[in-house]
Amino acid sequence: MHEKQAHNNARHYDVIVAGGGLVGMAIAYGIARTGKRVAVCDGADSAHRAARGNFGLVWVQGKGSRCLPYAQWSRESSARWSAFAAQLQRETGVDAGFERPGGIELCETAEQLDAGHRLLESIRAQDASLAYEVLDIKALKARVPTASDALAGALYSPHDGHASPLYTLRAMQEAFQLHGGAYLPRNEVREIRPRAGRFEVDTANGTLEAERVVLAAGLDNARLAPMVGMHSPITPLRGQIMVTERLQPFLDYPTLVVRQTREGSVLLGDSAEPAGFDDGQTRAVMADIARRARTAFPLLAHARIVRSWGALRIMTPDGLPVYEESSAHPGAFLAICHSGVTLAAAHADVIAPWIAGGGKPAILHPFVATRFSNPTDAHAF
Amino acid sequence: MTQVKCDLLIVGAGPAGMSAAIEARAAGLDVVVADEGHAPGGQIYRDAAQSPLADATVLGDDYLAGRALIERFAGSGAKHLARCVVWQVAFEDGRGIAMLTRKPHDERGGTLEVTARAVLIATGAQERPWPVQGWTLPGVMGIGAAQTLLKSSGLAPSQDAVLAGSGPLLWLFASQLLKSGRRVRAIVDTTPPHAWRTALPHALPALAGADYLLKGLRMMRAVKQAGTPIHRGASAFSIEGDGRAERVRFVDASGAQHVIHTSLVLLHQGVIPSTQLPRSLGCEHEWDAPSACWRPRTDARGRSSVERVWIAGDGAGIGGAIAAMHAGTLAALDIAHELGALDAATHDARSRPALRAMKRHLAVRPLLDALYTPPAALRRPADGVIVCRCEEVSAGEIRRIAALGCQGPNQMKAFSRCGMGPCQGRWCGTAVSELIAQVQQRSVSDVGYYRIRAPIKPVTIDEIADSIALDDDFTRGEFPS
Amino acid sequence: MPTLFEPLATMPARTVRIDIDGTERHVPTHYSIAAALLESGAASCRTTPVSGTARGPFCMMGVCFDCLVEVDGVPNVQACMTRVRDGMRVRAMSGKARLA
């Protein structure tokens, strides 16, 4: 499929998705699988792309302490991931690299271990199926021999895993096209105009038209949402990541700040910096990330970093997702989250059918942007 | 971790860096020059001041002329940091902060932090990547690489070696070997047979650089007269072998197929600016179509698009050693003026002769570009050729992903891993942009290039961890939920 | 093994003793490890972590990362950027680096 520069007459689709990142592609792929005609309008190569900054965790533990549905939603997606990855591999040959050995949050101090334990217990008290284990240093070393003896211990959850965010995106994009989806790169959505029963979508290469439109453009959702009568209260939150050269395997479990990929390279994170739209790197954070990694895994001291970057997460005020249909313009949907890999399976399996015309699953009811206009509602679940 | 402060940090001690240091010191600036080599000279004057050869005159007068420059540099009072790898330059509080690895493999080394009011990037050029079938086989190297072995270690290639490609260095190296009493097996010249026609319009202006042309012609004649087999207008060049280079194949201008058995293949298709450091700083770059390479946007004095950052020498655009010297001088004068060490009148007066001289030494470039810039076919390898050497990604894989609508090199990197290895795209970047342009029928300029970030060379976790003391108020931040 | 590079007449220089993959060699102090390898006839010095394919020095200026060797136990050292030292122990890199 070659790039076309020619302007088109309005092209008609069932659904247009604004944004071709992890969220947009998962939803678009899920809808295309149902046989509907879907177009994805994606931005330019140099656009802010949260997908490229993703650490690659499929993470459940610790989430949702103030909103149980979020923990359950994450767990549901994690449970679906294996089949999701298998289908993508069958369809495209691309291996998303998903593994779920369980995840580990390393704790440097007894206080951290204690606090983490209390947090996970408070979640399990609300839903006993959200399992976890507290590992003392001995138990930790039994699972992770290369972990530092100086750590206090760790928290383990069998629901956690990891995948390659880039191969996941690539697989979804290829599968989407195999299902007949129209992937339109360098075709950023400029304007959305609601009409009776449809939406006109202006892009760099002409106007498209569809009965439904999905706003999954990450930070750009803030610009697009008002066009369909919605409010997208998001701010960028920068995270920096560093990657090592390929190393012999030494770490079988993903942790929140160190994980080893199938290729052998090790990702190190992270940070959560309100830096506006600056996706640059800072020496201080790089040093902090390096120290944390070395503290947890002393053998990493001489490993070389070959790449490093900063990327902007899409953050709502409470960090929870938004999945909402416009009440002013039904047929327009808003999809926001910062865990694009964790939730990819659920986005394709659950969000997509809802957007395609199904009923809205009850589990999604808390995730509406209107919760921010009434602060007392935000955590009332 | 050691900290050093200065007015001007120069990265690179080649002709541009050394000349800039000399001029900046003359203006009274405090200058630090960081260089990866163990001695100044860059690539072109590598080991000129301490040649291991019993007879260094075989390398030619141009090379030996570097000695005078190196001597002046040594006496300039610039603080020269040898064997220092600059892996990051950041701007904090209006100052350029450079992180350097000192003595990379020495136990007693460590990190150096240099704070400067201005930074001059003079990191020069690298060989133009020329992906051909078999180019990753052991026994295949660059002609520049072989020349480095000659300059730094007194080693000459086996007399069975085949030189392949295009450009002045091919002839320079062949003639240096002849003067050393050495031969090579053959020269396979891929310059298209009718390149001279495209070059003709540039011949008249090139006469201002007639000395370059005469030198080049003399070298070619000497090599021919020595009886070295020369195959001109060669195409369909490939290298074959089982675990190492064993033979080359090509078609000559008349269409005849050739096979030459050899264990050492030396490739060259000119040089291109090294853009890693300026890109990591966010300097704007542009695609230079006549020379088919990326170069940073600079004004005539070397000012880049980023404040406090100047770029001079081959790293700003290929011009050769003498042009680089003048460019270094011009940049230093501009920096000295900017930092208040030189008044406008003196700045102007000293710059004018350097500008004129630089212009004269660049006069021959359009002709050389027209003759020796490889045509698109040589820059867009066949599907089976490895393009990303580090991650072993083929041209075919890149074309396939491009055909699915990949926006550009960064998405290509994300999907194929090309550019993710330790060389950070230095050997695949140009080809990746070309292949996307080809498949998507876009200009290379429109396609763009990888986003380059620090560290620009691999550096250990230890070093990054200990590179900066964290303030008491440092916070890594927290998620809302 | 075919010859790759041969020394020309050089200035007198001290030599050092280095161990390349178990073979002792005497090379001038100003040699890089890559120069020593190439002079010994070795075109390759490692196998890649991606496919296990043999690679050797290519650019001789520290930008290709193909000349990686293990030096005195430290993996992934660029042979062309490292000077020989008396008693140095050089080993080919086999695939991914192993940390201590």
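Chains here go by letter, A, B and C, matching the order in which they are written, and residues are numbered from 1 within each.
In the analysis below, a contact is a pair of C-beta atoms (placed from the backbone, for glycine too) under 8 Å apart; a residue touches a chain by one contact, two chains touch by 3 or more.
The model shown is predicted, which means the values in this text are computed figures rather than measured ones.
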A-C against B-C, pair bridged by the larger set of C-beta contacts: B-C
Identifier of the chain whose CA centre is least distant from the whole-structure CA centre: B
Whole-Å gap separating chain A and chain B, where each centre is the average of the chain's CA atoms: 39
Whole-Å separation of chain centres (CA-atom averages), chain A against chain C: 44
Euclidean distance of C-alpha centroids - chain B vs chain C, Å: 23
Chain B residues counted as touching two or more neighbouring chains: 421-422, 458
Multi-chain contact sites of chain C, meaning residues that touch two or more partners: 50, 74, 76
Residues of chain A touching at least two other chains: 245, 263, 300, 302-304
Contact set on chain A toward chain B in their complex: 1-3, 42-46, 49, 51-52, 63-67, 70, 166-167, 169-170, 173-174, 177, 183-186, 237, 242-245, 263, 268, 270-274, 281-291, 293-294, 300-309, 315-320
Sites on chain A touched by chain C in the complex: 245-248, 250, 263-264, 299-300, 302-304
Contact footprint of chain A on chain C as seen in their complex: 49-50, 74, 76, 95-100
Touching residues on chain B, where the partner in the complex is chain A: 88, 90, 92, 97, 99, 401, 403-411, 414-415, 417, 420-422, 424, 439-442, 447-448, 451, 453-455, 458-462, 464-468, 470-471, 474, 476-481
Sites on chain B touched by chain C in the complex: 36, 38, 43, 50-55, 104-105, 126-127, 136-142, 144-146, 148-150, 152-158, 160, 180, 182, 243-245, 263-264, 274, 389-392, 421-423, 426-427, 457-458
